[in-house]
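Look at the two complexes coming up: chain A is in both, with chain B in one and chain C in the other.
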Partner chain A sequence: MAPVASSSTLDPEYLLSDPKEDEAFPTFERRASSRELISKYNDEFALKNTEKTYEQQYASLYFLRLTVLKPRVSKVAAEAWNGMSILNQEVKAVDRVLDVRQGEFCWIVGTVYIEMTLKPNILDEITKEFWTTAPISKDKFADAANDAIMLEDESGRVNLVGSTIKSELLVTGCVVAVLGSETTSGDFDVVDIRFPQLAPQLPRKMSTGHERKYVALVSGLEVSGDVHESYETSMLFEYLMGELGGSDDSKHASEIIHVIVAGNSFSNRRSPVSRDEESLDNSQRKKKKYGYDSSSYNSKPTEALDILLADLSASVSVDIMPGDQDPTNYSYPQQPINAALVPRTRRFLGSSFRSVSNPCWWDIEGLRILGTGGQPIDDIFKYIEGDDRLQMMEACLRWQHCAPTAPDTLWSYPFRDCDPFILNETPHLFFAGNQPEFKTKIIVGEDGQQVRLVAVPKFSETGKIVLVDLESLASEVVTFALNGTGR
Partner chain B sequence: MAPQAKRSRSTSTNKKSLAKQVRLTDSFRQKKIASSQNVTGKKLQPQSSTEVVPPAASHTPSDEVEDSAREIETEGEVESQELSAPPEEDVQREADEQVVSVEPEVEEPLDYDDPQYRAYFDKTQKVNIAAPIHQQGVSTVLRILKNFDLTAAYGPTVGMTRLQRWHRAEKMGLKPPEVVYKILISKEGKSMDELREGYLYGQI
Partner chain C sequence: MGNDLYSNFLATRIVHGQEAITYRLLSRELKIHTALAKRYLYVFYASSRSLYPHKVHATYLISGQKSSSTTISGDVRMSDISSPPSTPPDADVVLEDEIIQTTFELVPEEELEEAKYRFRKIGCVHVYSLEPTRLPEDFITLAECGRKVREIDLDQDPEAISKTYGVVSEPSAKRQQLGQVAFSQPKLAAKNVQPKAKVPHPKPEINQGLSLSTKQRAVSKPSNMLSPLLLDVTQNPDRSTTTEDKTSSDNIKKERLESLPDKKTTSSVMKVDATRSAVIKKSKSTTPTSRSSSQVSQELQTMFSSSEDENDDDEEEKSITAKTETPKDVIGAIHESFISDDIDLSIDKTPAKPKGNNVKSEDIEMETAPPLEEPGEEIADISPKKRRGRRKVTKPIHTKDANGFLTTKYEEVWESYSESDGETISLSKPASTRSSTPTKRSSSPAPKKDKDVAGKKENGRKKKQTGGGQSSLMSFWNK
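After this line comes the complex of A and B, so read on.
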C-alpha cells in the first residue's frame, strides 16, 4: 500500500506534462533556532556518579518539599481565609498539624498522604510468600471507599474527613492547606482546601517574524530494527526531513525548527535468538556470566534508531529524552541517554543533537517548555479514580510539583539538598510523553499565566506526532498511517 | 581588660581567645562583643589590638547596640516554644550573609570551654521543664550539637554530616545558629566523628 500524500496540491496535469526548460523549484530552508536547556533547573536533575550517595533517607526529600511549598500555600490560604469567620469564630492558622484543637476552626498546611488498601505493599508481599494467592495486577490502586487521606508535617499526621476532601484530586506527596476543625474522634473535618496554584510565569517573547515555527513532539517510537519495523517510523523521519509528500508538506516540515523525542525510543523486545534458547535444556544452555547471557543482546533497536537519528540530526536539531524503557537509569529523574549508544548520531553532539534528562526544561525561542517522559502522570493515574490525563497534568502545575508521587510510588533518587521537581516557574508548554492518546488544552492561572498542556501519544500505537506552534501555542497532530491498516 | 578575663581560668586561654577574635568574620565578632556586653552588663571599649579590621560599612556602632538589644529580646522568647522549634535568633543578618557561608581556609582549634557555648546552650534549654539526666560527663559542645540535631525545623539528620545539614538549613532560609557553624568548621569539628556526624551516625 503506497503512502498517500494527502496534503499535497500537486496538479496531475503538471505531473503528466513535459518538463519545462527554466523551471525553478522552491527549496525550503529551516531557520536556525535558539534552543537552550534551562540549566538553572536541569542542573538539579543531573546526578553525577561521583556525587551520588544513597546514605540519606527519603525523609529529606519530603522535608525539602514541605519547607519550600509551605510558605507558598500559606500565602494563598492566608489571602483566602484570613479574616474569615465560621460560626462566629475567626479562623486562624495553626503552625503544626498536631496542634489543632477540637471545636476550633483553623487551617493547617502539610503534605498529603493517602493510605491505600490496594496499593502494593512490601509487607503484603512477604506475608504472601507463605500463601499461594496469585498477585492481581491492576491498572489502578485507588479505592475511594477505603482510602484514608491524611495530612502530614514534621509533627505528625492527621486524618482528613469530609465530603470536600473526597471530591478533590489528591495524591500522596502534594502540599496543600486545609481549613476545618477537629472532630471528636480526632479526625480533621475539612471545609475548604487550597493549593499553591500556578507559579509565576516569565512573559513570552513574541518575535516579529512572520514565518511560523514549530516544535515537534514525538514519543514512544519503540524502534526495534526488526524486519517487521513499522513503515510509519520511516515515514515520520522522512517527513521531518522534508522528503515526504509534496511541496506543501515540505514547506510545513521546514517550519519545524526543533524535534523532541520524548521517551521510549528503544523497543525492548527480545531478540529471536533468546526465544529459541528457552526450549533447550540445562546442559545445552549457554553459561550465563554475571547473570545475563551477553550473546543474546539485541543490538538492532540501537542501530536502527542510530541510523534514523543521524539522518534526522543532519536536517533538524533533535533532543532525545529517555523514557521508562530506555537504556538509562530507571529511577526518576532519568539521566540523559549516553550518546555512545548512538555513535553515528554522536557526531552531531554539540551541534544539532543533544541527549537530555527526563524531565527537562527547555527555552526555545523564548518559549519555556517543561517535558516529561510521562512517568509521573502514569503514576498519578494509578492512584486516582479518574482517567483525564490533562486534569492530572493541570493538577501538577497547580501543586507546583511535577512529580508528587516521587518517592512514594515513583522511584526517585533521595535528594538531600533540594527537591528538583518543585516548579518555581510555570512553563508555557507542559508536555508528557507516552500517553495513550493525544489530548491538549490551555489552562489559565490566577495571575494570567497561560500554559498549553499536551499529552503526546505513543507513536508506535497511534502513529501521531504533535506539532506546537511557538508563537500561538496552537497544537496540531500529524498522523502517519498506511491505508488499509485500520489506524 | 577583656570580658573573658573574668571567666577564664588561665591567661593562656585568654590570649588564645584574643587571637581568635582577630580572624573571625566581622558579623560574628559583632555578635561576640554584643553577647559579652550582655553578659557583663557594661559597655566595653573595643580592644585596639583585636579590632584590626573595622566593621562593615553598614554596621555602625548604633547598629551594634541595636543588634545586641534585639538579640537579647528575641532569645528570651524561647520559653514559648517546644524544644524541637529553632530558637528565634532573629538577629538581623547582613546582605552578604544570605549566601552560603564559605568555610575559612584556616581551621581553628575548638575551644571546648568557651563560655559563649555555655551561654548559648543555657538559652536553648530554657524551654525544658526538668533538668537533663545522665548528662554529667557530656561537654557543652556535644550537647549543643545534639540539640542542633534534634531540632526538627532543620530537617532529617540521617545520612549527612552536621555541616551539610547546617548548609542545607541556611540555603532554605531557616537561619540555623552560627554558634553551631563555628563549632563545625573548627579543626575538631571537621575531623572528629563525634562532632562532625549526627548523633545517629553508625547506628542508622
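After this line comes the complex of A and C, so read on.
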C-alpha cells in the first residue's frame, strides 16, 4: 500500500496499522449550546385545528400584506425619489393607483400581479376534460412576451409597461413602488422601481470561545425503507454520529451542534415490488375502495426514518421540518410532522428532538436562522425566467416576504388576522431545502445586514449536506459517495 | 486479549459464515471503540492474505477533499459556485472564494489506488468492511450490518454507547424511559373508557414492576378524564391545592401492596396514574363508606363504561369511592367536569407529555368552584352518551358603516352544543381552563338554544333511567 502524501498532522493511514498496546481512542462530546425556536414568529405559522376556518376569502391576506409593507416600501421610495424632478417636473407620491393622472410623473405603491397566459388555470383544466387538447406539462409557466405585469392596491389595478419593469425579477404578490407616468393608453410607464429592501437585523452575538460550532442542513433524505435504500444515507448518519472516518473527521462531526432536516425526509415513491403487484393483478384486485384505504398504507418509510432519527437524536439535537412530500398538511405553512409517526425518536422530545413547522425560525447560539422546505423558491422558479435560486432567495428577503406567491400559486391557508410570511426581521442565515444543487452566497443590505443564503441540495440526488459555521457563517459541503458514482 | 477474539470472530463470520462485517458491527459485537475496530479489520485483512487467500475482500473508506479539476459528473457544478453564471458580481454581493468540500467515499480494494488520485487531500483511509467477495455497486449488502448494529444499540443508554463505541455524545439528549407504556398507549385508548371505571380498584398497586416516574409519565387519557371527578369525590374541599407528595403516596401504596389480596390484573389497570390512585386510596382508608349514593355511582358507571364486561367487583369499588361526599357535590363535580373544556384538554394531551402536579392542582381548582344552583336540572347533563357544553365560536357579523360600505366583523360568541361521546373524543378542542362556568353561562347570548338543550336533556334522562346502562341505542335515536 503506497502511502499518500498529506499535509494533515495525522497520518491518513493511521488506521491501517496494528493496534498499539493501551492506545486510547478519543471520544468527543458536543458542546452545550442554545438552540431556541423563535416563538414570536413560529407561533404565527401554527394553525390550531379548532381555529382553522376556510369560509373566508384569500383577499384579506393580500390586503394585510399591502397594509404592512406599503409604509416600508414608501419610506424607501420617498428617500429615493422625493425632491427629484424629471423633465422639469417634480415627482410626487400618489396614494392610490387609480388616482394617477396622465402625463404626470409620480410614484405609486402596490402589490404586483402578473397575468400569465401559461399559468395553469383550474377553469381551463376543466374545459380540457371536455375538449381533447393535449395537456402541456411544463416546468415553467413564464412567458415574458405575453405576460402582463400589473400593480394593484385596494382601489384597483394599473398595467405596468416599460423596459425597466420587464428586466426586474417580479412575481405575483410582492409589494413594490414604481416611478413613472401614465401613457395615453392608460398604462403606467415605469422609469424606476423600489423594493422594501432588507428588514432590520439583530446584531450577531459573537461568542468568546474559539471552538467552532456548526449547524448541519440536510434536506431531501427521502428515506424509503426499501431494500434498495441508498447506502449514502447510512453513511450520512454514521458521519453525523462521529463514527465515520478518522479522528479528525469525528472531531469535525462533534462540532456540529444541531442538525436541521429540512423537508422531504420520507420517500413517497412506491416500492418497485408493489408497483409490479399492482400491474400484475390489476384485474384481480378488489373493487376500488373509496376514501382512505388503510391496506394501501406503506409504513416502511416512517419506520426506517424513525430508526435513523432515533439513533441520531441520541447523539445530536435534531429538528425535523416537513416538505411537500411529508405526511402533514400540504398548504403553506406546513405544520410540524406529528411525532407519533416516529415513536422511537419521539422519546427524545423535550431534549434533543423537535418537530418544527415549515417555514421556521431558529435562534441557535444567537444566530437567527430562517428556513423553508423550499416550496416558495420552487414556486417562484416556475413563474420567472431564469433559474438562479439564490437570486430568488435574495429577492424574497428584499421583498420582505418569504412566500410571495402564496396564496396565488403556492397553496396557503387563508390567514385573516396577519400575513405570517412577512419578514419583520432579516435572519443571519436563510436556507431553502430540496434545491437541485448546492449554492450559497452572502448578501449585504443597505444598513450593513449580512445574510448567508444557502440552497440546500436534495440529499437523495446529490449525497450532499451543508454545514454552516455559526461564527463566521462560512459554509462547507460534505459529500457521501459510493465508489466514484460522482454523487 | 482481543487478538484471538476478533480474528476468530472475523474468520467465523466472514470466511465461514459468508457475511459482510463493517467496522461498526465489529465494534458492537466486541464492545470496542470503532477506531479500534477499524484497525482490527485491517490487521485481519492483512493476515488473511496468507491464511485465507482470495477469501476476504476489503472495502475502504476514503475521506478528504477532492480536487475540483477532476470532478465527475454531478460534481461539475460545484466548481463554479464561486461565480454565479447569470448575475454579474454586484457591489453588495460578497462572493465565496473557497468552500471546503469534504467527501466520504466507499471504494473496493481493487480501485483504492485509483480513487486516491481523485482526492486532492486525503484526511483518512480506513477499512470500512470485510466481506467474502466484492460488494455490488450500491453496497446494499452493508445495510444488513446496519440493521444488526441497530438491534444491538436498541434502547441502550446513549451515554454508554458513546463511551464504548466512540459515538459523539450530546449531553442534552435524554431518552424518555417510557418503555412499553408509551407504545401500548394506542391500545389503551382503543379499550375505550373502561379503565376509568376501575380506577378506584386496589388492583393498580400490583404494578410494582414499573417505577413511579414511569407511571407518572404514562398518564393515560381515560384516567385524566376522571381525575377532576375523583379528586372532588375523595378530597376534602378545604384542602389547599397542593396534593400529597410522592413519598406519602408511595408509602400508602406500599401499605396497600402488602395487604393486597391476589387479584387478577389487566394491562390497562397497570397504567393508571400512581399519584391519583394514591389519593383515592388515602381517602378510602380515612372515610367510612356508606351506600347512600349508589345511584350516583351507577351513573358514573354508565357514563364511563361503554363495554359490558365489568364484573360486580368493579361496580362495588366504584360505589365505594363515589360515595365519600354527598351526592349533590358529586353531581356538581360531574357537571363541572363535563361542561368545562378541561375534559377535552386532557383527552387531547399527548400521552408522551409528562404530567406532573400542575394538572392535579388545576383539577382541584375546578373542584372548589361554586356548586350549581339547580342540581336536579344539571343531572340531565350527565346522560351517558351525550356531552353538552358551551364553546367559543367566531361568527361574522355584517354591518353597514358610516360610509355606507358593508363591513364584516368577526366576533367571538358563546354557543351551546351537544355531541355524542364518540364524536367528542375524536374531536380536538382548544385547551382552556374555566373555573367558573356558571357565570359564563349567564352571559350567554343564545338562551333559546339552552332551552332546547334542556328539553333534550330531560328526555335523555328519562330514557336513561328506564334503560339503565343499556341506553346507548335509544339515546342515539333520541338525538
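Everything that follows uses one rule, which is that the second predicted complex is superposed on the first by the 444 of 487 C-alpha atoms of A that agree within 3 Å, B and C clash if a C-alpha of one lies under 4 Å from a C-alpha of the other, contacts with A are read in each partner's own complex, and residues count from 1 in each chain.
Quick note on the criterion: a contact is a pair of C-beta atoms (placed from the backbone, for glycine too) under 8 Å apart; a residue touches a chain by one contact, two chains touch by 3 or more.
Note that the coordinates shown come from a computational prediction; the quantities given were computed from them, not determined experimentally.
Following the overlay on chain A, a clash is recorded for the pair chain B and chain C.
Of the two partner chains placed around the shared chain by superposition, neither chain B nor chain C is touched by A:Thr302. In the superposition on chain A, no contact is made by A:Ser181 with either chain B or chain C.
Touching more residues of chain A than its counterpart among chain B and chain C is C. In the superposed pair of complexes, A:Glu154 makes contact with chain B only, with no contact to chain C. Of the two partner chains, chain B is the only one touched by A:Val68; chain C is not.
Residue contacts after overlaying the shared chain place A:Ala59 against chain B, while chain C stays out of touching range.
In the superposition on chain A, A:Asn483 makes contact with chain C only, not with chain B.
Of the two partner chains, neither chain B nor chain C is touched by A:Asn264. Judged by the touch definition given at the top, the superposed model places A:Gln449 against neither chain B nor chain C. The intersection of chain A residues touching chain B with those touching chain C, taken from the two complexes, comprises 53, 55, 416.
Listing the residues of chain A that touch chain B in their complex gives 53, 55-57, 59-60, 63-64, 67-68, 154-155, 414, 416-418. Against chain C, in their complex, chain A makes its touches with residues 1-2, 4, 6-8, 10, 12-19, 23, 25-30, 32, 48-51, 53, 55, 227-231, 234-235, 238-239, 241-250, 252-254, 307, 311, 313-317, 339-340, 343, 346-352, 386-388, 390-391, 416, 437-445, 450, 462, 474-487.
The part of chain B that touches chain A in the complex is made up of residues 84, 152-153, 155-156, 158-160, 164, 168, 171-172, 174. Against chain A, in their complex, chain C makes its touches with residues 2, 23-24, 33-36, 38-40, 42-43, 61, 63-64, 66, 71-75, 77-78, 81, 84-87, 92-96, 99-108, 111-113, 115-116, 118-119, 121-127, 137-140, 142-143, 146, 150, 153, 158, 161-163, 165-178, 182-183, 350, 352, 354, 394, 396, 410, 428-430.
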